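Each of the next two complexes has chain A plus one more chain, namely chain B in the first and chain C in the second.
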Partner chain A sequence: MALSNGSAANVASRLQKELMDIMTHPTPGITAFPSSENLTTWTATIDGPTGTPYESLVFKLNFEFPSTYPYSPPNVTFKTPIYHPNVDFSGRICLDILKDKWSAVYNIGTVLLSLQSLLGEPNNSSPLNGQAAELWDKDMDEYKRLVLARHKTPEELDADAA
Partner chain B sequence: MDHASLVFASVFPVPSLSHTTPTPVATPDLGYTAPGSSFGSPFAGTSGAEQHHVAKRNSAWSTATRFLSLPRDANYTGLRTRRTRDVDDALNYLLVGAGKTPDGAKAEEGLVGWYTNEVRLHYAKYVRPDLRELWEKEIPLSDTWETLEETQRILDHAQKFYLHPFDEHIVPFLHQDASNMTIRVSRDADTVDAGLVEAAKSKFQRDMQAAFSHSLPSKRFSKTLSHVLYDAGCRLFRFYIRQDGVQPSAAPEDTNGVRARMTTLLVNLQGVGLGGEMAQKAFAHSMDKIIDTFIGSHYTKVDWFSKASVVPSMRNWVENGFRPLAELVLKCLQCQSTNVDSTQMKQWQEMALARLGRARVENLFDFVINWDRSLGAILDLKEYLKLDGAKEFLKNHFSRQVSRRLLHQGATTTYILNVYISIIRAFHRLEPKGVLLQSVARPIRRYLKDREDTARIIISSLLIDIEDEKGKNIPLNGELSYEIASEMAKPFAQPDNVDDEFNWNDMNWQPLPHDASPEYKKSKIEDVIYFLLTLWDREDFINELKNIFGDHLLRCQDPEFQLEIRLLELIKMRLGEEKLQACEVMLRDVLESRRINDAIRTAAESSNRRELILQTPRTPRSKALRPRPQKSLSISSASPPALALNAQILSSFFWPVLRDDDFHVPAEILSLQKDYESRFERIKGMRKLRWMNALGESRITLEFEDRTEEFEHLAPWQVSVIYAFQPQPGEDPSGGGKGISRTITQLEEMLEMDESLVKQAIAFWIGKSVLRETSDSTYIVVENRSSTDNPVDSDAAAAAKELAEVQAAQTSTVKSQADLLSEKKDVYMSFIVGMLTNQGNMGVARILMMMRMMVQGGFPFAEEEVKALLVELEGKEKVVGLGGDVWSIKK
Partner chain C sequence: MAADSAYVLPDDELAQLQKLSGDYQPEITGPLVGERQSSAAITAEYANADPVYRTKTAALPDKYAYFRTCRGDGQCGWRAIAFTYYEALLREANVAKFDTEEARLMSMANLFNMAGLPTEMIMDFAEDVFGLMQKLAQTLRNGEGNADDVLLQTFNDEAESMSIITFFKFLASAWIQTHPNDFAGFVHGDLKSYCGNNIEPTASEIDYVAVAALAAALIKPTGFGLEIMYLDRSAGEEANVTPFVQTTEQSGLWQPTIRLLYRPGHYDILYKAEDFPVPVQPVPEQAPLHVALANPYNDTFIAAPSNVDLMAMMPGLYSTGLGQRWPSVSYDFDATPAPQPMQSYPPAPEAIAPVTSSHQEFVPVHASPAVQHAPANHHSIQLEAPPINLTMQQPASTTLERAALSLERPGPFRPSMYELEHMHALPLQTSIMKNSHYNTAHFLNPDFQPEAWSPEHGSGSKGKHRSTS
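So, the complex of A and B:
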């Protein structure tokens, strides 16, 4: 694949291809869809993995694709407030593949899968939310309570936004 | 005299009105003595002279008026006696002498005034009733001439009667008076003198005629007169369609007679004072109607045969027919200017043209449909368009006609296209610059764009050959437009790209029309195909073209693909070469397939030790190849003879999505395919072939016990199904004496074919009386035609044939919209679900918009399909309708 300078058209066509892939091979518990006409911002939804404190919760995320995508990672944030060691209170995520470990072979689907697994297996060695990292190891009940306290359903989110 | 003064006079007697009792001649006026003077004789003092004067005047007045009084009876024809001496004296005294102007006398108190009044009274009493009788009721059209003539006669008579005493008894004295007055003043006594008398006389006449004309109902009179003039016009110009409902007589009118009668009537009416403004108004009115009628009767007939405009002859009529009539009438009515000048006449011509134009515009749609026999009408309109406001009028009316008569569900797309082509041609003639066409065609183009089958009809029509080898027109079915096909057959003139705004040698240069819109592009193109090809965005059109072109290439019988090559070249010229790469590749594919076929067959046959002329094989440059079997095979119940197989090798990347049903082809074919494949791979360097069994065409021969039949143009699945009725290895060929029978399920399993396709094939073969249903879903081969010639079977065959035809119509090589929808339904549904999950609740319209934007390869469906998908998703409990077209994800 020739390294292109990533003009807007190239980004758009790559993203459209990804969209088609997601649609033709949907993964359960994960969806994503562009929210702007030029496809550079997306909204994604992941279900909390079973057997974790996030079970049966639904999280919305925001994707912003730079014009250099896929050679640089998208900017991903949680729209739904989440209590998690690797996510801060404004929704920013600390995940290596979204930073220095990014590679052009990743795509929206793989990012979402990684995030889904991050929910069940937080990286407590480099927490953004120290309290959460601590509680994860020490007091799971309190942790669960805080997760539920912070969580909002998409409807509540919509209502807040409105 | 008006009513008010009559009333006044009845209370306060005015001498000129109440003179019936003459002052007794015998009683002298003795006068009276002024206060303070001595009582004396009647002749004393100046006042006596005054008194005498009054008495004399009174007596003269009495004599004169008695003499001049008109007879008090209805018979006012009697002769007047000569005037006696004392009457002479009295008249002389009153008109010439001292009695002329009594002190403080008003004008009407003179004798002339008195006589005028006398005439009025007489007229009111004795003449008017006759007229009233005549004019009281509405005048039937047939009596208008007679009524006017009678009126004119009565008035003429009355006028003569009134004028006679005036001329006889008053005018001489007036002359005398005038000469007395002027003798000292002027040397031109005679003329001045005559002038004064004339003035007095004409004043009298005017007053009298005013009485005449006031006594007639003015509206009715002017209507009647205008009808008479109209009638005269109609007769003179021999109109055969009239607006007043009078049937023109079949016999040729005596135009000279009519003209004379009209002239006489007009002159006489003018003579009794019924000309003037009122008559002129009536005349204007009738002129207007004459122009209308004339156009209606002579010129709304379009010149269908010589296809020429009628405008020149109409102008000629206005100049040489209408103008003389108008001048004649004006002369009769004694108008100031009886000459119609050329500006006036131009105005008339324009008026006539405007009327003609409007009449033409009313029927413009019909003219367009009947183009080009209606050329004459269009040329008329061309003249009409030069007038002010004509363009707007035409645009509005024609648009209305188009939307009422063309753009509705009842009109087929082919019809609309044909009419559109006629419009293009007709309007090009009407206005070569094309501005008008652009504005009237806009709604049609918009409408055509919305019709689903437009592109298909255009492109398929472009691809047909309208003439067979003998040059005869072949009949077309309703789906194809003959107009488009014949346009295509015309030689194509390369539009010269010279910008002729800068072509100084162009002697036919014209400025742009002032009403051209800003985006108006100057195009000299009269080329119908150009308009059709530009109906859509280039991309959309090319996509559609790709589909139809592909389908057409696969069906095409012509081994040289002449038409297709030509079409492609034409479209390239118009749309640009770079966009049509896919079509070019498709065309090249089919052409090269032939060469490869030849090469492979030659190789195969040489290995089979058989000779065939060899054609140089060429290496196609196509990347991925998708072969299509075109086999010609024959099946016989005994050992099959040599089969021949030709393949169409298609570059999969460039072709539209094609039907791709999987099923088993007969084993012989399969082995041929394998053989072909291996040879192909040898030629093309290990490129793979993937067979698309759903496409293709076969010819087979079926041998039955009692007959042999050949079938051509069969689809492979049809062949496969009938081949499945061959006895299988290990099967009793006689099928237990009854022949081989198969059920649908069996066939499905044997061929791994879709049930619907199996059923279609079965229906086809039943229709051909090859198969017969023995019991429910079980079929056998009809080996003996004669034994099955019973009505039940032939009915079943007929029914099945119909079914097969319907199904065949629905089965095309390129996937239809419905196929595409059902195939991609899952993707579309996950799109919708993804959209609703991530973007929240949405309306159908917004979903459709997002789909169109987001789905790769486009989303060629409308709201209806989106709704259907949503309803289906609702059934699967994935989404819920929130009402009002808004949908949400099911929680």
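So, the complex of A and C:
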């Protein structure tokens, strides 16, 4: 779908609105802020949900918004290395609402909340990381060990990038 | 074993494949909503299709004189209903109704709340729904007479069009979820997840359940009618018509009926000739009246009923884009006898005549677009036509070209000895796909490319250019 003239302005005004919402009504456990001037790239974080192998870990994500947003989903990737059945080793995510089940009323906040719940409830029937899907059901201790082995704190990430 | 080998594919490669498949979009062309045109175009489109389609489409123009295309981008059903809803408001031409409709749809916020949907987000999209209503009502109030153009232009702006469609998707979803007794029997699983998976996603095409929901939530309360004609290969002489909503008279006022054409996977819009009551034989003196009509270009289609069918039988002479109607309009108004040979032209293909005589009759067909542009005709157009349409007039060369291209198809015309050699090598269009105007091998396609058949390619190599909606 290619939106005609004026769509860039539509995307910008919609993202501006989302930014306002996020700043005036912050949700505990998630953050998001534009990382480019034209608002089409954002950096976000989610806290690992309590009671899951990801508890007390913080994950950094990257959002890229197409010119057809919100009629097409943003491209969302994990910047923090994560061991999870539905995320591959490049950080790409398999989640239906980021693909064919995307709806124009979803926004950055709902996507982040969905990703947070995906951490605690992986969809093991269509894994990108088959080993993780198997271990989730069979050997949770080993699963946790691999989660921690792969994880990097935001500070470590920044140090790597520098 | 297959699963195992899939397992060892590197993640990168898998992701790449996933991306390719996720990003794949079939080629889609044409305006989001097209100009109203003679439905004989549909008959011509199926001229080489299987007999069931041929029979059904041959009977179509008698009942439904006009149709309008919607782009097959997955939204066509939603777009068709949304567009015709506004168009019905325009056809009723009751300015006050725009206000009542806005108030009524505004109150649907309650429905969204009841269904547990994100009302605030949805009402953002409603702003475009109401914006168009206000714009159309204002145009009617000012008597500018170009409300139809405003509507068509708005629906051809993809962002506005999508915004309106999004609101109607959620209206359908909320209606279904708040009327479980009406819908639970038609849906697998619970209504909430059904709507979340099949109605609300941007990529969801309209389904029967959603049509029924919009019929009840959007159309019925307005008093408009809604009927859908199903054109498929089921047995029968004519396409089946399902009336979803009957018109209900409101304070004695006539109510328009919305008519859609459904072909498996795709919706377009249909009209009956009487949907557009206009003077039968307009003369220049009546011109000011036409301009004041809500549908300024309607009279162009029906101006000379004795000619209309013949005109429409000619592939390539019906409109294929914005504003292309005017050349043939001027034809209808032509005071000179030049086009007369057309009337003696037999419309039925069975009447085979010697090639030489057919070619002689053919000449006027080629020449007619040029004739239309004779200075005298231009003069008469300028007297009658609203200025906006004049600016959209197509160059004569385009019309000529299309008329010429269309000769390649076996239509209602006999072969001409002037046909070029290579035209005989063109393949018969045997599959349904090839008869779609989304196929570049179809003469209605803006990127028309005659397809040369060769044994290596076999048939169906173009089959991927399918309508996906």
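Rule of thumb we're sticking to: the second predicted complex is superposed on the first by the 156 of 162 C-alpha atoms of A that agree within 3 Å, B and C clash if a C-alpha of one lies under 4 Å from a C-alpha of the other, contacts with A are read in each partner's own complex, and residues count from 1 in each chain.
As a convention for this text, contacts are C-beta pairs under 8 Å (C-beta built on N, C-alpha and C of every residue); 3 or more make two chains touch, one makes a residue touch a chain.
These figures come from a predicted structure and were not determined experimentally.
Asker: Between chain B (first) and chain C (second), which does A:Val105 come into contact with in this model arrangement: first, second, both, or neither?
Answerer: So A:Val105 only meets chain C here.
Asker: If you stack the two complexes on chain A, which partner ends up touching A:Thr43: first (chain B), second (chain C), both, or neither?
Answerer: Touch status of A:Thr43: first partner only.
Asker: Check whether A:Tyr71 is in contact with chain B, with chain C, with both or with neither, and answer first, second, both or neither.
Answerer: The second partner, chain C, only.
Asker: Touch check for A:Phe89: first (chain B), second (chain C), both, or neither?
Answerer: Second partner only, chain C.
Asker: I'd like to know which partner A:Asn10 touches here: chain B for first, chain C for second, both or neither.
Answerer: second
Asker: With both complexes overlaid on chain A, does A:Leu19 touch chain B (first), chain C (second), both or neither?
Answerer: In the superposed model, A:Leu19 contacts chain B only, not chain C.
Asker: With both complexes superposed on chain A, which partner does A:Leu146 reach: first (chain B), second (chain C), both or neither?
Answerer: In the superposed model, A:Leu146 contacts neither chain B nor chain C.
Asker: Taking the superposition as given, does A:Asn129 touch the first partner, chain B, the second, chain C, both, or neither?
Answerer: Once the two structures are laid over each other on A, A:Asn129 reaches chain C alone.
Asker: Taking the stated contact definition, name every residue in chain A that is touched by chain B in one complex and by chain C in the other, in rising order.
Answerer: In chain A, positions 17 sit in both the chain B and chain C interfaces.
Asker: How about chain B: which of its residues touch chain A in the complex?
Answerer: Interface residues on the chain B side: 826-827, 830-831, 833-835, 837-840, 853-856.
Asker: Going by the contact rule set out above, which residues of chain C touch chain A in the complex?
Answerer: 7, 11-12, 14-15, 18, 22, 25, 73, 117-118, 121-122, 124-125, 157-159, 162, 166, 169-170, 196-197, 200-203
Asker: Tell me, which parts of chain A touch chain C in their complex?
Answerer: It is residues 1-4, 6-7, 10, 17, 71-72, 88-90, 92, 94, 99-105, 107, 128-130 of chain A that touch chain C.
Asker: Across the complex, what residues on chain A touch chain B?
Answerer: It is residues 16-17, 19-20, 22-24, 26, 31-35, 37, 39, 42-45, 60, 154, 158 of chain A that touch chain B.
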